[in-house]
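This is the structure, below, for whatever I ask next.
When the chains are written out, they are named A, B, C and D in that same order, and each has its own residue count from 1.
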Amino acid sequence: MSIFVDEKNKVLVQGATGHQGVFHIAEMLGFGTKVVAGVTPGKAGQEVHKVPIFDNVQEGVDETGADTSLILVPARFAKDAVFETLDAGVKTVVVITENIPFHDAMEFVHYAKYKDAILIGPNCPGIASPGKTKIGILPGSIFKQGNVGVASRSGTLTYEIVNSLTEKGIGQSTCVGLGGDPIIGTTFIDSLKEFEKDKDTKAIVLVGEIGGTAEEDAAEFITEHINKPVFAFIAGRTAPPGKRMGHAGAIIARGKGTAASKIKAFEKAEVKLAKFPTDIADLVEQHI
Amino acid sequence: MSIFVDEKNKVLVQGATGHQGVFHIAEMLGFGTKVVAGVTPGKAGQEVHKVPIFDNVQEGVDETGADTSLILVPARFAKDAVFETLDAGVKTVVVITENIPFHDAMEFVHYAKYKDAILIGPNCPGIASPGKTKIGILPGSIFKQGNVGVASRSGTLTYEIVNSLTEKGIGQSTCVGLGGDPIIGTTFIDSLKEFEKDKDTKAIVLVGEIGGTAEEDAAEFITEHINKPVFAFIAGRTAPPGKRMGHAGAIIARGKGTAASKIKAFEKAEVKLAKFPTDIADLVEQHI
Amino acid sequence: MKLFEYRGKELFKKYGLEVPNGKLVSTEKDFSGLNFPLVLKAQVPIGGRGKAGGIKSTENKKDAISKLSQIIGMDIRGYKVGKVLAEEKADIKNELYLSISLDRTKKMPLIMASASGGMDIESVPDEKIIKEWINPLIGIQPFNIRNVVSKLKLGKEESKETSKTLTKIYKLFRDYDCELVEINPLIITSNGGVMALDSKVIINDDAMYRHTDIIPEHVELTPLEKDAKEKGITFIQLDGDIGVIANGAGLTMATLDALTYYKGQGGVFLDLGGTDDPEKVKQAFELMKKAKPRVIFLNLFGGITKCDTVATGVKAVITKEGINCPVITRIKGMNEEAAKEILKDAGLITATTLQDAAQRSSELVGGK
Amino acid sequence: MKLFEYRGKELFKKYGLEVPNGKLVSTEKDFSGLNFPLVLKAQVPIGGRGKAGGIKSTENKKDAISKLSQIIGMDIRGYKVGKVLAEEKADIKNELYLSISLDRTKKMPLIMASASGGMDIESVPDEKIIKEWINPLIGIQPFNIRNVVSKLKLGKEESKETSKTLTKIYKLFRDYDCELVEINPLIITSNGGVMALDSKVIINDDAMYRHTDIIPEHVELTPLEKDAKEKGITFIQLDGDIGVIANGAGLTMATLDALTYYKGQGGVFLDLGGTDDPEKVKQAFELMKKAKPRVIFLNLFGGITKCDTVATGVKAVITKEGINCPVITRIKGMNEEAAKEILKDAGLITATTLQDAAQRSSELVGGK
């Protein structure tokens, strides 16, 4: 099993004919993902790696039965793209696009809730359930099917951690990149709920960073609801307050969002913390 | 059992200190309804029939655990009242108010869906599950606990029909007044779904009228999903096209919404149709 | 409220839509500033005026004045033409249909468009109608516009102009709480512009309080209609001779249906709404007396108020003011037996069932 | 983008909020049209300027000019004061706190208000802060305003004015894609008016493209910062002397954390974003050379591109342009062994683990 996505998801790519679209459609097909449709207004009838392109999402959904959307369009068209795909009945939306205005993200995140849809991102690398599907831009080569669930606010840092797990022979059930923005659709808590229910997940890895209180909220949730072992790494212990550390969401603002606070919360929740990213693999190995 | 509401609903009345509010709080308490709070801005601290009044819904909910709201405020404040109660976490909302602009109703009906709340009305008499609770302005004296579920677009016509059932000794599981407006939160189909699941409902009565296609939609749904016997009455067989017959929703517009079309659809779905409202009771008696 | 065409077009102009140059005309000098050929259009709140002779083309002023005199005062399906709009003939390259209405089932605004403009939309086959629903929580979005306009298969510039037009119309629809905005035809002119040749705008009556800039067309109310309006009683004039008083829309319709079943026919009917307030019943009786029906049929379901209380009220009106036609009463609900006694006492015919009451009423006017 | 106080107040005025009469002053004649007493306020994009001496009251022009000269050019926590706002002293009856910010957990705007205005909101006990969340699907509603304002316990007229003010501020917050609008204090004047004495407005950088009317304050970029911006590389200047190049925000932060663990300290750091594009790595190297760190630490996770391809790119820069400090490299991912050979070949120190690399880098600058 896996969480959020598996081999049944039929993926439609919005922004399919751009450089990134063409490249990642190939990568996803190579991973085994069912990429069934692409959408670029005005390019209906074309194909990208034999995947048919449609003028709008509704036609793509009607023709191919797509139920999942990967959003690769530029930031200023992202809100429209998400609304379009939700109105067309798509139930899982992965938003890779970065630099989306917060107010746009707030609107589509709540609209996704109204539509009972899962929305992952924005500003995220996507999600992979090894052996089943990969929806996003994560490098496919680092994964191995197994029993560790990973949820992360970071991109490459996650690749590092997943790669080190795989190198030690520890596979993953699902790895979900939540996104580096302050407003994201799917959170640590949403992922924890699913991992706890998932029979094939035996341990959970959380990759956090400074900014906001998502880790503190997760720690509280873990204490109350999670029985599986949880491991975590927090990036930004030495980040200066007030500076935006690459991600829009990674900022210590008004005294809130420090790594110290997050580490303290996780320690209280008996989450095992790693000093260095790759230590996670050692910790997991020792405990399961 | 019953549908939508039962003896556990804790009711907060918005517009509690007005003439209608004071009268119907007494009527509901007399029926056995758990009326726990009233809201009128600026009147916190007062009581209506010993029910405490609050300044806003959130305080009412926090203090009394109310989970259900009855909206009796004037039309131009209704949208705000519904938004307020939904944001305060109320999960069942009954909107009695009539003459609410359609665009307001559209917004709050969809917002209720976003909040996973049941919204009944607007322009409806409310809902009663005899022996358990009554939330609205329906006359309490006409009901008798039993096994017939009633869903209706009309008010007094429903009282007639329920009264005639009761006179024949046929009780009701739940009677829901859906409302006479074109845009309503809960429809025949929503009610049919629940009645079909409800163990204590053995037969279903639908009271329809001209306007829209709710009856046609219901007929289709019955053919596919309903195994319990369904009885119906349609008002407005002789209504002239283009005239609004009292209810905002009761209008034959652009050739759509005629009684003939509804009757035909119900006949096709093998729904037993009554010629006169009180015939329903005879039909039900013959068939169950 | 249904706006006359010229009023709808005033709103269109306010939202930046193109409409033909035109104005209301009633005398010769009103034609100054307009360039022939013109179209004269009767302003009535219903469709089908073209077939009824309410729309005429004219090439010069002499002809225009003659045709204007034919249209003014004309009777179009019961509406006497008081106002005529004269508009310059447009340069039509292409006729489209465009409307925004309410979809009751989906509970959201529905845009309908078709490349076959100018004809009645009901005669356009369904597969040729473009449909796009707008979720009220987010309003119209760029993709909605793309979906509609791309399927109209217009040229690039025309598509751009039509997109802008659609955005404006939706804004009008929402801002003014419309039930319907219909433009048929919406034309593409030969220079690629977009223009509304007709307008059908209906504003939700219940929302009129927030649109005080919309002055209702003057409608002559009969004294009875005026009276009913002031008292908050729904008053509808039908063709028959049985006056019906009932409470609630559904019950009122069911009462009319029952009369028809017995070959009677409702005339004036008064709906008290969902109330059995004795004061309102009394007012309705007073109103009904003025309408002079051949029979009065009172059909009430006593909900909250007890039936005997209502009956006492009715008796008071009858006794005080007399009544000059038979009155059939049927009151159901709590204490109905006591009510019957009171009504009988006042000389009224009391029936037990709706069927019985409807049959007796019908018989009194010669029904079966 | 954080707006200077006077810019924020220009926006407030645009939305109909009252602010004190005032203007930017730099010379004596700028004081014409202002009535003493005045307050002179240093315009800097950070808080705490009062404590730093950046706000001064003045009763007459002579004193004002002298105080102005003290403020202009003052250094407030690294910001040199270039602009000073002179405002007429307000007539304060009551000081409130009001802000709208983003609640990341609830994913919606959060209004915070307090009857204790003028002080730092973080020092106000939580139970004295009024909180009201606004759902972005429906925006601010009358009940939200009532909830906030009724709890401030103001007089009737004051409540009415404060309600209007809140509506306007929310509109500004939404229209301008704000992350924060804070007014501290928002005052009630003795005639019952409401006035914003300060303004803190932050506009979401990613939404600046739709607010072309907001001219960014002129910020002097160093040549390096300018260069990085043009290349789309995140450039942050920290206090240390180890230059860090990494890909991705999380990995970059983790790299800095590891350096600190080994008592090293990051100096300039370049985040390539979530990419391992050899061209971008090359550009980062060129930039880093100009920054002249004592050590360069390259920490890359090769995701999509193969590590040896990246290494070849790095080698090309080094070989072509030379490098005048040690370079520690650590590249992980596909073909990392081949990459190591290439880098070694170019005379670079290659490490296997982040720890190893961080430790070696730190040692080179005298860490542990």
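Assume contacts are C-beta pairs under 8 Å (C-beta built on N, C-alpha and C of every residue); 3 or more make two chains touch, one makes a residue touch a chain.
All figures in this text were calculated on a predicted structure; none of them were measured in a lab.
Peer 1: After subunit C is dropped from the contact network, which chains belong to the same connected group?
Peer 2: one piece
Peer 1: Weigh A-D against A-C on C-beta contact pairs and write down the one with more.
Peer 2: If we tally the C-beta pairs in contact for A-D and A-C, the bigger total goes to A-D.
Peer 1: Find the geometric centre of each of subunit A and subunit B from their Cα atoms only, then give the gap between the two centres in Å, rounded to an integer.
Peer 2: 43
Peer 1: Between subunit A and subunit D, what distance separates the C-alpha centroids? Give it in angstrom.
Peer 2: One centre to the other, that is 26 Å.
Peer 1: Measuring from the mean C-alpha position of subunit A to the mean C-alpha position of subunit C, what distance in angstrom results?
Peer 2: The mean C-alpha positions of subunit A and subunit C differ by 53 Å.
Peer 1: Just how far, in Å, is the C-alpha centre of subunit D from the one of subunit C?
Peer 2: So the centre of subunit C lies 58 Å away from the centre of subunit D.
Peer 1: Give me the residues of subunit D that touch two or more other chains.
Peer 2: Residues 135, 137-138 of subunit D touch two or more partner chains.
Peer 1: Could you tell me which residues belong to subunit B and also touch two or more other chains?
Peer 2: Residues 107, 110-111, 114 of subunit B touch two or more partner chains.
Peer 1: Could you classify the connectivity of these chains, where an edge means two chains touch, as line, ring, star, complete or other?
Peer 2: The chain contacts form a complete graph, every chain touching every other.
Peer 1: Okay, in this complex, where on subunit D does subunit C touch?
Peer 2: Listed in rising order, the residues are 137-138.
Peer 1: Would you tell me which residues of subunit D are touching subunit B in their complex?
Peer 2: Those in contact with subunit B are residues 133, 135, 137-138, 141-143, 146-147, 150.
Peer 1: Under the touch definition given earlier, write down the residues of subunit C that touch subunit B in their complex.
Peer 2: Listed in rising order, the residues are 102, 104-105, 107-109, 122, 135-137, 174, 177, 179, 204-207, 209-210, 234, 236, 238, 246-254, 256-261, 266, 271, 273-274, 301-304, 332-334, 353-355.
Peer 1: Per the contact definition, I'd like the list of subunit A residues that touch subunit C in the complex.
Peer 2: 41, 55-58, 77, 79-81, 83-84, 87, 107, 111, 114
Peer 1: Under the definition above, what is the set of subunit A residues touching subunit D in their complex?
Peer 2: 23, 27, 75-76, 99-104, 106-107, 109-111, 114, 125, 137-139, 141-142, 152-160, 163, 180, 182-183, 207, 209-210, 212-214, 217, 233, 235-240, 243, 245-250, 254-255, 275-278
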